[in-house]
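Chain naming follows the written order as A, B and C, and within any one chain the residues start at number 1.
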Amino acid sequence: MKDEGGSVAKTNSGNFFEDYEIGQVLEHAVPRTVGPGERALYHALYPERRALYSSDQFARDSGLPESPLDDLAAFHVVFGKSVPDISLNARANLGYAEGRWLKPVFAGDTLRAQSEVIGLKQNSNGKTGVVWVRTKGINQRDETVIDFVRWVMVKKRDEDAPAPSTVVPNLKNALEPADLTIPSGLDFSDYDFGQAGERHRLSDYAIGEVIDHVDGVTVEEAEHMMATRLWQNTAKVHFDATQREDGKRLIYGGHVISMARALSFNGLANAQIIAGLNAGAHANPCFAGDTIRAWSEVLDTAETSAPGVGAIRLRLVATKDGSVGELKDEDGRYLPGILLDLDYWALIPL
Amino acid sequence: MKDEGGSVAKTNSGNFFEDYEIGQVLEHAVPRTVGPGERALYHALYPERRALYSSDQFARDSGLPESPLDDLAAFHVVFGKSVPDISLNARANLGYAEGRWLKPVFAGDTLRAQSEVIGLKQNSNGKTGVVWVRTKGINQRDETVIDFVRWVMVKKRDEDAPAPSTVVPNLKNALEPADLTIPSGLDFSDYDFGQAGERHRLSDYAIGEVIDHVDGVTVEEAEHMMATRLWQNTAKVHFDATQREDGKRLIYGGHVISMARALSFNGLANAQIIAGLNAGAHANPCFAGDTIRAWSEVLDTAETSAPGVGAIRLRLVATKDGSVGELKDEDGRYLPGILLDLDYWALIPL
Amino acid sequence: MKDEGGSVAKTNSGNFFEDYEIGQVLEHAVPRTVGPGERALYHALYPERRALYSSDQFARDSGLPESPLDDLAAFHVVFGKSVPDISLNARANLGYAEGRWLKPVFAGDTLRAQSEVIGLKQNSNGKTGVVWVRTKGINQRDETVIDFVRWVMVKKRDEDAPAPSTVVPNLKNALEPADLTIPSGLDFSDYDFGQAGERHRLSDYAIGEVIDHVDGVTVEEAEHMMATRLWQNTAKVHFDATQREDGKRLIYGGHVISMARALSFNGLANAQIIAGLNAGAHANPCFAGDTIRAWSEVLDTAETSAPGVGAIRLRLVATKDGSVGELKDEDGRYLPGILLDLDYWALIPL
């Protein structure tokens, strides 16, 4: 723990590709207690209206002790903690897989995060490599509340450093319904569709159905910076206008995820709880002044073991051009108006 | 509750004029639990400093159990819930009447809202009509905490639909002092004028007196959008810059109300509690970059049944040109610099 | 308490130089209860990550009952309350001295503020004078939680008013370590450097060492106005774009202090608690669009009486030009890129 003395650089320069090894566990710094302030800010920053996260009464009527913190807020807190160790020198956030929400996060909970390195592959240019980590969010009772894999492209510190053995983890394309964890006590048998805002239950959605969520939000620098800071995410590009010639700040991809998910209330108000993250791509960068819109495609549906609770697998797409239903060009590249392509499971009344 | 199947549009397109009928009760969606986060955000968004809403100790010394949520925050939450059912297709928010604050809202309370249609009048152009509703905010104990009438101009879906019988409700021009509800236990006998910030009591205000509140706030897009989202108000025009050629977003009229009321601290610091809303007009639209200022005119004063508690009826005017005391041109139209003309009752120490 | 009647101006025009006299005590208005909302907003507005203020668990492991409100948030609340009485007509905020944090502020605490006039000196131009005040923040148990001296240049109302006797208080250039108050129960013996984010303890810092905190934040109008309002600071120049030709608002100096202190996490993550403020200068004004960066210089180190707890005296410099280590030109004037020069004591594990 003892440093060599005052002359050593004190600031964190982050990890480079050659700093990672398979099986390494990184304990991320700065535990965080969340509460009613974070909840109110989430509602101020995103047009989220799902009743389970808005009303303690609705949550109790659904078998939970009170309204939890939004599932994505929990994700952002955990993700943010991993940034200084995983993605400070990242060139790109390449993907997500096998994300599972295991316990709701309630006001007063304290979250910490850790990541295990599960994959490494140096790129053929010898300058960068891909690192796969499984990141966990853990509460004050040492319970894992969230768990996901992400992989990032990281610079090498020294281009002459030898390449590690390539290990590419075997990841599921999508979680099975049986992989999902249902919050303890959840019961949608007496679900109040009127108070929730829409009357559509799982059986009203058809696989392949595309829902245009209609609304749009034009984003501002102050908002995305406040959101990203709230999650204690320290990546410079989100805050420092001198990093780019046009003075714009790159918007944290998670801000786009939360905005799109909130916009999807209109058409998916009853897809209350996020239970699994199958895949995700930040297709193009988002900047202040962009107007974010969203559409969803129903990919799958399933029953669960909990009373009245079904699962719906959704593709959630955020755009900055208002297009609906189109994703990629004929070469398989994302169209320039696409910001986000996310594949997730939500819990919804049967 | 069951939909016809996956092919039906899932999003809310709102109600049109011919969807309303006299006596119809609309239960608005998404109950909302409010708490210390909403309170802190209110203070971050508006320069509100009234002691009763800032200090639990001051509230206790005034006979309340703790500091309540700002009366306008309670209003905005209830108003916001009514938007998807009442004003999503509104062309204009025409007026308010008979607004009463019946119970303070405290941290932990859960609010829901319902509206009853009490008036309908098709316009002579056959394309729009006016709908009057009485909207109630109701807490988790089924107590009505707030109750107000508003009327909006709503588009017809089908211009050929027959006009309903015209019913124009008989509304009071202003509430009488006896119509006001005093929060249970309120007692201003030992009111601490020093801690409240001004020494003026009810008898220091003369009917007809005009108070220039002096201060100004230049508003920003990020602020009004955060405020409006916090109330879960979903009207597109407040968030989506592509709705107008100049890329500006129309600021929610309630944002102007809260800003003007907060500015009125300077000169009316002791007009602590809003008890009644007599009338209100959003005279001209407000946009980011406008500098909001405010002035008040004393319209009436009265005693109440509570110890040391008086009532003051105020005209609160918000401007974007810094004018004071002028409202309308010779043809009775609001001057272009006027944003808001609000008529309300506040409770103030005798 | 009784006013002369309705015709008297109701708004606060603030105090002028001739309104102050030595020994005068001003009880500042509007007590404020702080809570989890203020805490979350602090994290949204500043990139603050120090573990003691982020995690209740970390605070308990350090001997405190829970995570306190950020020390600077407490300072801002108290400072904000003093503005209407002290600096509404101030031309310049000239300096700080002898600032002491005496008790942590916890959620639910109610703060009020009072100032005693301890110095007066009319300027030779006869138009302005310097006022020194010692300002205290006091909680609901009448305990002083914070105490600091500041001096401001204030306009005279009447240039012909006679000059008061000059009294210049005898202030310490810096607090001695023995002047610092350690929060009751604080114990860093089992300090978790991993969770805190850096491994550097007091002995790792050398007097004279300069730390470049590397990160930068480009500030926005919406953010600094929300922050400044949150502290109920009412100074017009921070909110009203019509006060300057370029439409910019002067950013509250305390916003720069909090931003710089938060940025100093990177290199001083373990300088957890602010215990003393020795001196401070707002060297140049800060405006929206500026990118704030920070560097620190270690000025002194000391042990304290609490287990495992040391003290570190730091110069914290905020810049808008990214310079490091330079402060003044050859004539002793601050360089144009310097925003803040602050001298403070923090508590840090031995």
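Assorted remarks:
We take it that a contact is a pair of C-beta atoms (placed from the backbone, for glycine too) under 8 Å apart; a residue touches a chain by one contact, two chains touch by 3 or more.
None of the values given here were measured: they were computed from a predicted structure.
Contact topology of the protein chains: fully connected, every pair of chains touching. In this entry, subunit B maps onto subunit C through a rotation of 120 degrees when their C-alpha atoms are superposed, rounded to the nearest 5. Rounded to a whole number, the gap between the C-alpha centres of subunit A and subunit C is 36 angstrom.
Shared interface positions of subunit C, i.e. residues touching 2 or more other chains, are given as 35-38, 40-41, 220-223. Across the interface of their complex, subunit B is touched by residues 35-41, 43-47, 49-51, 54-58, 67, 193-201, 203-206, 209, 211-218, 220-223, 266-269, 289, 291, 298, 322 of subunit A. Contacts from subunit B toward subunit A in the complex involve residues 1-3, 5-8, 10-12, 27, 29-33, 35-38, 40-41, 84, 107-108, 110, 112, 140, 220-223, 225-227, 229-230, 232, 234, 236, 239-242, 247, 249.
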